[in-house]
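What follows is a set of structures to go through.
One chain, chain A, appears in both complexes that follow, with chain B as partner in the first and chain C in the second.
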Partner chain A sequence: MTNPERRTLEPWQDPKAAPYVRIDHVTKKFDDVYAVDDVSLDIFQGEFFSLLGSSGCGKSTLLRMLAGLERPTTGRIYIDGADVTDLPAYSRPVNMMFQSYALFPHMTVEQNVEFGLKQDRMPRKERAERVGEMLGLLQIGELRKRKPDQLSGGQRQRAALARTLAKHPKLLLLDEPLGALDKRLRESAQFELVNLQERLGITFVTVTHDQEEAMTMSTRIAVMNAGQILQVDTPTTIYEYPEYRFVADFIGLVNLFDGRVAEIQDDRVLVETQLGRRLHMRCSHPHAIGTPVTVAIRPEKLQICQTYREDGVNQVKGVVEDIAYLGDVSIYRVRVSPELLVEMTLTNIQPRTEQALTWGQEVAMEWSPTSGVVLTE
Partner chain B sequence: MNRGRWKLYTFLGLGFAFLYIPVLLLIVYSFNESRLVTVWSGFSIKWYLELMQNQQLLDAAWLSVRIAATNACFAVVLGTLAANALVRHGKFRGRTVFQLLLTAPLVMPEVITGLSLLLLFVTMEQTIGWPDGRGFTTITIAHITFSMAYVAVVVRSRLSQMDRSLEEAAMDLGARPLRVYMSITLPLIAPALLSGWLLAFTLSLDDLVISTFVAGPGSTTLPMVVYSSVRMGVSPQINALASIVVLIVSVAVIIAGLSLRQRPAAKGH
Partner chain C sequence: MVFMTKHHLHDRHLSRALNIGTPYLWLGLFFLLPFAIVLHISMAETALAQPPYTDLMSWVDDGVLQIKLNLQNFVTVFTDELYLAAFLNSLWIALVCTVLCLLIGYPMAYAIATSPERRRVILLMLIILPFWTSFLIRVYAWIGILKPNGLLNNFLMWLGLIHEPLTILHTQTAIYIGVVYSYLPFMILPLFANLTRLDFSLLEAAADLGCRPFKAFLKVTLPLSLPGIVAGSMLVFIPVVGEFVIPDLLGGPDSLMIGKMLWTEFFGNKDWPLAAALAICLLGLLVVPFVFMQRLESRMGGDEL
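What follows is the complex of A and B.
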């Protein structure tokens, strides 16, 4: 990471970079329940940052505190260097797009977009220009006279986006921005949202429960569980090098082998698992012998093993039990022991009908010691 | 159409007949030529014309309308405030008590409401000198006490259906709370306000018992005139008057119903 160009793209690598949003030991309690539990987080200018987690993990509450719609029980929030913890929502330089879009049903698209500008007492002429600019940006100019209930889901999303962008906020908060769209529309909207963000240079913070969405769009992802942030990293790092069992399991498919550290050889640990053999994994953390650990390997890191040996490194044998054909890839669930299934993903290079691997067939698999991680928590 | 259907419609018809034939008969007989209420002798609108000459009745009607309108305006404001407190201010201390006290007038026997208000007004006049005598003011105040409960119920259901994020979005876009209320909340609950107003208006127009308690000499409302004149023997004029009242009330109720139906739920989609 010494490449200076990379550094500008990844401000979180730069110890001197000032964060644009700083969440400092923020806790939010509802009655006796901790919705957000001592969260600290730095978000930098121009980032597309995602808060990822299942429902009830506190991600929406955190976003609402950034918007000023909830007040933290303890902790401070800084935006662009200023402490905004006690500022009400209407005085913050932040706009939010709601999951339901929250378009005002008694106003036209145009009036919706204009609403925020009117609150700022912007002169009429300037207002009209800005509204035109926003409707043009999101290509909904011809819908300007329609009411929200005359719009399709995708059009509503655009109208809501136009309304939040109209005030040229420096920070845009998006609560499940694509949650209400159908799958096909969602994919194109993902790219569109990223393009828009890059073009405008606004810092985006989104909340999502959809890991695929977070992976596609974000510069960094914070994975949350039970009110706490487990890991903050780029999509690649989160996927390839998860630090927690929860993170590994939450994002993508993963094979988890529980075991204990049996031996250490240079930069490798040998893990005794229920597979009945020691797994060789590269590991940068020094683990004491006997430490309970979990070895996590993604299904696509497994390969069919041509030369299976009883003492081969990271080789296992089993019987194909299930095949999930997804078109581009197939997921094979292989029974390696009475209580253990291993998932392996193979790209369908050959058409499905000509593939050799089928139900009930014995298959040997292997993986490289560098293609998985050893987790302790 | 099968037999089951026919049965269903027959029972529906019987039900409606039970409810509305008396009213229909009254309207039909208001166009009766004869002075005898029970004998039909030909079509005529002479009772309507005679009604227009009856100064006592017209005065009473005008007083009733003024009371009903004033009452409805106050009831809408107070009822809406109460509904806001109930829906928007979470679990404040004494919420349950407030809710019970607010809806109590809906089930309180009118005789008790009337009597207690009369006692209150008399005591107040003796101690602070206001209200000065009983009449328009006291009747209106009495009507507001129960009408606002009805308004609160109507507005409350509308408010609790409303998507909170609409108001949050407005606030997020820079609108202060009062502004949010005026430009987002009020327009969205307007149908409920209109139907609440009409409801309060009709309730006040109809009220006899409470008005009788708190009215003073010279302030006779329409229902009071009707009631006292019927005791002297039913004049076909009363039929004509009743028909007009039925017309006004039906129109008000229909408008109230339609205005609640037009935008079923102001959800943010």
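What follows is the complex of A and C.
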């Protein structure tokens, strides 16, 4: 969803660009649990930044520290160049949308939206205008007199968003903003959120554990595990060139082959794996011979091989054991050795009933040396 | 399935009737019936008899049933300044004590509700603990504390704050102390029940929107705990208006309370009809705030109590 023309000016590639948010070696300990462990991160103006990770990895804690609801145990946080580490939540130029929305149940939608403006002592007339503007923006004008418990999940989400946007924050934090919505609603809400962000030019930092959501919405994704940030990159890079086994495994489907570097040929490494043959992979990192590595290949990078040879490059043969039909694509689980299943995704060009590949059938697969990555961690 | 017979339906109707009927039966048996009896007595006259009042109905010779309703007792209640003063003083004491209980109880309930799980259980136990000894004994104990050479006076003199004992016992102040002490748990418990259900992310949201903690309390916590405040206040106010033991033991001659008046009329003067009339008026007095509470409840959505 990012504009391809902007790609040349991405701020995180520009060494001169000043980050809007700087998280500097921040650690948060709860008793003896490291919820966030020595995280450093730069987020730039206008970004739609996503924190992605499994449950309990510290995403919310990191976000809450940005909002000022949690104090870092060590480390500093800078927003727009100013050190805000010791600033309480009520004086930070940041607004947060809560996972549970946290709408005030005793106030109407209108009063909820107005609440933040009142705290700023905005004059009544201006306040009414701003509330009207926000309700219009999120198309909930006709719900203004309702209490939160009289709203549907989607409407509540809009009301919460209107409330956080009302103060025109420079930085908006969203903790699983779409978590409570069903799949269809979530997809349309994702588009709306991105449109809104591009229209208002606000920097968004969102938390999610839905990788698809992160992929479709973000300019960049930070993948977290056990309190640490493993990789920060654009969705494409994260997907195509993961740097860690965890990242490759967490996002999308992936075939992982463990092995050792056996030989190096120009820009290729040959990896001895449990497949019983060497895999040829292009690799920019120079690896020493014998290094334990993992070859990661996405299932859609596999093709049916028409000319199978025992010594063919990246060719494997096996028996179809399982087929997951998803409509547009099917995932085939192919047993290539007693302990190894390989997943291959094929687009369903033909209707399913006419497809050639069925259970128990032998199939040969191959992939290009450039379509996977070699991971060391 | 098909044979959803008359028999079944009959059973269902019966169980439904029982379900709905039981509370009504309860109400009728233990509230309306006694109320009718008291109302009946209040319109009788005193008599040297057993029980000491006249019958409302009597047969006059020609098979005529004569019903004599004596409203004199009500006239007395409303015109005698003593009773009026007692009513007003009871209301005043109940009001002051309710406010005091609220002021003391709210911070306590809040502290308990926000304390960690394990400590919360202990703190709650401490609130409920006094109920394990008799109410009467606890009020008696206050005599020992408040009397001229009691614990409190000795302690204050030992500190050098006062040089001669304060007269607290047998004054209205002693009633305030005794009532607040005795009824504080009735304020704390409903408030606690309400405050534990408070979603603290609402306060975080308020802070996030630029609201300082104290203002967030006023704008979010307080309005959301209103049902708890109302419930606690009713639980204190209503019984305190008719309170008899505390004014009798701790109060002085100046501290008139309607509960004590009732006792005197009933047992001292053996004037059951007048006592009954007083009781009816007291009930009327207490129904008013109750209806008021109901109104407030339904206006606020009312599902929170």
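What we mean here is this: the second predicted complex is superposed on the first by the 368 of 377 C-alpha atoms of A that agree within 3 Å, B and C clash if a C-alpha of one lies under 4 Å from a C-alpha of the other, contacts with A are read in each partner's own complex, and residues count from 1 in each chain.
Throughout what follows, a contact is a pair of C-beta atoms (placed from the backbone, for glycine too) under 8 Å apart; a residue touches a chain by one contact, two chains touch by 3 or more.
On a predicted model such as this, the values are computed, not experimentally measured, just so you know.
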item: Chain C versus chain B on the shared chain A, clash or fit after superposition; value: clash
item: Partner chain in contact with A:106 - chain B first, chain C second, else both or neither; value: both
item: Partner chain in contact with A:156 - chain B first, chain C second, else both or neither; value: first
item: First (chain B), second (chain C), both or neither touched by A:115; value: both
item: Which superposed partner A:361 touches (first chain B, second chain C, both, neither); value: neither
item: First, second, both or neither for A:148, with chain B first and chain C second; value: first
item: Which superposed partner A:89 touches (first chain B, second chain C, both, neither); value: both
item: Touching partner for A:98 - first (chain B), second (chain C), both, neither; value: both
item: Chain B/chain C common contact set on chain A; value: 67-69, 88-91, 94-96, 98, 100, 102-106, 115-116, 119-120, 163, 167
item: Parts of chain B lying in touch with chain A, wherever the complex brings them together; value: 163, 165-166, 168-176, 179, 183-184, 187-188, 263, 266-269
item: Contact footprint of chain A on chain C as seen in their complex; value: 199, 201-202, 204-213, 215, 219-220, 223-224, 301
item: Partner chain B, residues of chain A touching it in the complex; value: 67-69, 88-91, 94-96, 98-106, 115-116, 119-120, 148-149, 156, 163-164, 167
item: Touching residues (chain side chain A, partner chain C) in the complex; value: 67-69, 88-91, 94-96, 98, 100, 102-106, 115-116, 119-120, 147, 163, 167
